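One structure follows; several queries about it will come next.
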Amino acid sequence: MMLRELREQVCEGNLALPRHGLVAWTGGNLSALADSGDRIVIKPSGRLYTDMTPEDMVVVDLDGRIIEGIHGPSSDTSSHLGIYRGRDDVKSVVHTHSTYATAWAALGEEIPCCLTAISDEFGGPVPCGGYARIGGDAIGEEILRSIGRSPAILMKQHGVFTIGPGIQKALQAAVMVEDVARTMWAARLMGTPIPLPEEEIAANFDRYTHRYGTAQASEGVTGNV
Amino acid sequence: MMLRELREQVCEGNLALPRHGLVAWTGGNLSALADSGDRIVIKPSGRLYTDMTPEDMVVVDLDGRIIEGIHGPSSDTSSHLGIYRGRDDVKSVVHTHSTYATAWAALGEEIPCCLTAISDEFGGPVPCGGYARIGGDAIGEEILRSIGRSPAILMKQHGVFTIGPGIQKALQAAVMVEDVARTMWAARLMGTPIPLPEEEIAANFDRYTHRYGTAQASEGVTGNV
Amino acid sequence: MMLRELREQVCEGNLALPRHGLVAWTGGNLSALADSGDRIVIKPSGRLYTDMTPEDMVVVDLDGRIIEGIHGPSSDTSSHLGIYRGRDDVKSVVHTHSTYATAWAALGEEIPCCLTAISDEFGGPVPCGGYARIGGDAIGEEILRSIGRSPAILMKQHGVFTIGPGIQKALQAAVMVEDVARTMWAARLMGTPIPLPEEEIAANFDRYTHRYGTAQASEGVTGNV
Amino acid sequence: MMLRELREQVCEGNLALPRHGLVAWTGGNLSALADSGDRIVIKPSGRLYTDMTPEDMVVVDLDGRIIEGIHGPSSDTSSHLGIYRGRDDVKSVVHTHSTYATAWAALGEEIPCCLTAISDEFGGPVPCGGYARIGGDAIGEEILRSIGRSPAILMKQHGVFTIGPGIQKALQAAVMVEDVARTMWAARLMGTPIPLPEEEIAANFDRYTHRYGTAQASEGVTGNV
């Protein structure tokens, strides 16, 4: 894939963030790794989503040097780069301050795995990493240390980062972590939600990971044919 | 009605779910029973609502075998089938993880009948069924056991299922259960809502069921003409 | 004004309810009194807002007899009529189950007057009337007994009614009561909001009622010219 | 810049308020100072945002006398003027009753600086000024006394005012104060958020103020090139 095409996909991915209600004003950003593995395309710093075009996207190398771009790269670029350098399965990263995920992060708490949707998407609680200063290597390092097999991590007193093997999966994790964060927040305000048993978490994660979106999605088919 | 026409209606019904804010990403699904009684049409597994067309809908028989379809059926197909097999008054089923209904479900609590709107739509509290694993027969069985005369049921630590004699009524129940779940959640956070007396629940349910949407909807007419 | 024109305005007023997020599915209704004083135009019972047209509106006399209409009138028609019969300053009535106003109503509590916006719009707390059964005269009577000078009243375990000297003012009260109900709900969950002093309530209500929307809206002008 | 052009920008700025969900009905207002320094353009009093045009904007001098305008100026004009007279770095003022900011204001509490986004945008807690009566000089004076270096201030039992060196920055502060107010409200309902250490607040505010939106936005670039 040419960088031109990746710029278009990264721009489209960034525009999905306000459409899903995950960002305010110029906040949030999405990046993706080029097939060559030595370039990322990322949202520019401090630009409104309105009228954002592929030409506004910034290309940097893995040390953060600007390769192409009429704007500076996102102020979270170092954090994205740290993830790409440490996890070669990650091809896209999303960062937001989406409201309810960030509310859990404000308290430094993981989102407990009390719903089937959480076991499906995250394979357990959504972890919360410790506080790390924006702009340097600290955030990327803390994410690598704490994210485990989850595609999403809360960062204490900051916001949320999600990762994926492609843009769609990183976006999906950003949408779903906010969705379950809001539901669990609403539940927690009424009472004390109880985590699912480990064997249910494992069964849900396995089904969702291996059969969802396939011809064998429904047990009926598997069991009866 | 031809299956082609039912595919269109089921597709349109599924597209109503994001329009009413009841689902996130690929979550949720709606199905309907064909007039023949031996086929259902259901949303495909793991597909985004964007650009979903009638051709994407999947036709399965009551044992879950795919009859027509370019995708696999929803991973909740077995749960839908269990309801159709057990309740011959049901012609459509909706499943969502809508936020506030699922918050009550996270705690395993029914929604108490403290508002006229709840007595109108549900004839009493919205019941909450026990936890059951996704993908097999357990969810359908628990729904049949616990739903009673309500068109909606919460499923513990999972989400909500609604049923109806047609697509519109199943959709209505999905919209209304989220609406009353949110209102009752908001009330419960401020204090302790008190259930309506049984005779008021009965009077409201009777009025809504027998006169709503008719020429005698208003008592004025009944009483004065 | 001809009834044809009033049908159009009442239809447009009803369509404003979903646009402002005040209603779900077929819930809620708006009516207006004809200039003749012996007819009201009201939303039909149990019809979706989608594709609602002026022809769907129902004309009834003050005893609730259908004068014109292809559908039955709203099941809340008797409540609207009771208000028109008892308050000749009222030319339009709105009824909704908007979420946060109804949350206060679920508890049977008035919304305390702790914000300038509440003193401006309602001249004091938004009152909450006692529970009354839908469909007969009881609701209208309770509203007349309890609404005072406020353009909005919560009805216990039911929802909200608003009144105005015209459609726009009744709609405004429906929008504003939900807005302040949500803000006060959010405040109340964090602490104990304190009512404004009586003299501040009086000063705000006077300014808003007599100068807002006029050339003397700003004190600067009044004081300095 | 001609006043005609400023009318267009002020109209557009006011129309951004409902688009960002910050206002209800006719509430809220935005003004800007003319380059000449002796005129402001402000939203008219009591007009709906629907169909608002540049011609509806009102031009007043710094004493509040109407210079041009077919409507009266906003009833908050005196408060805007007080800010412009006291702070010559301010070229635009926004006032709203946005829900979550106003919930904090209802309690007379500042929004504590527990998130990086708050240190970025506001350089510390968002302050809350004391109660002051609408329409005279009291609100402007209290804002000048209490706002400090923050671009936003809550006003007790009233709402929020934001300021900026231009319309976009005042709007940004209005959007961001509601965003962080909602997130902190959600966090506070679950637990006790802890403020960031002073050195983290200082580091974030410095980075955001001096590098955000520039070619050096990312530390990677600064550190490695």
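Labels for the chains are A, B, C and D, by order of writing; each one numbers its residues from 1.
Operating definition for what follows: a contact is a pair of C-beta atoms (placed from the backbone, for glycine too) under 8 Å apart; a residue touches a chain by one contact, two chains touch by 3 or more.
Protein names from UniProt, one per chain: A, B, C, D = L-ribulose-5-phosphate 4-epimerase.
As the structure is a prediction and not an experimental result, all values here were calculated from the model.
Engineer: Trace the shortest sequence of touching chains from chain A to chain C and report its length in steps.
Structural biologist: The fewest steps needed to get from chain A to chain C is 2.
Engineer: How big is the rotation relating chain A to chain D when the fit is done on Cα atoms? Please round to the nearest 5 degrees.
Structural biologist: 90
Engineer: Is it true that over half of the residue numbers where chain B touches chain C are used by both copies, so same, or is it different?
Structural biologist: Result for this pair: different.
Engineer: Distance between chain C and chain D based on Cα centroids, please, to the nearest Å.
Structural biologist: 31
Engineer: Measuring centre to centre with CA averages, how many angstrom lie between chain B and chain D?
Structural biologist: 44
Engineer: Among all residues of chain D, which ones touch two or more of the remaining chains?
Structural biologist: Counting only residues that touch two or more other chains, chain D contributes 189.
Engineer: How do the chains pair up in terms of touching? List each pair.
Structural biologist: All touching pairs, sorted by chain label, are A-B, A-D, B-C, C-D.
Engineer: Give every residue of chain C touching chain B within the complex, in rising order.
Structural biologist: Residues 24-27, 44-47, 60, 63-66, 71-78, 81, 97, 99-100, 102-104, 106-107, 109, 131, 133-136, 157-159, 185, 188-189 of chain C touch chain B in their complex.
Engineer: For a test of understanding, state which residues of chain A touch chain B in their complex under the given definition.
Structural biologist: Spelled out, the residues of chain A in touch with chain B are 114-117, 172, 175-176, 179, 182-184, 186-187, 189-194, 196, 200, 203-204, 207-208, 211-221, 223-225.
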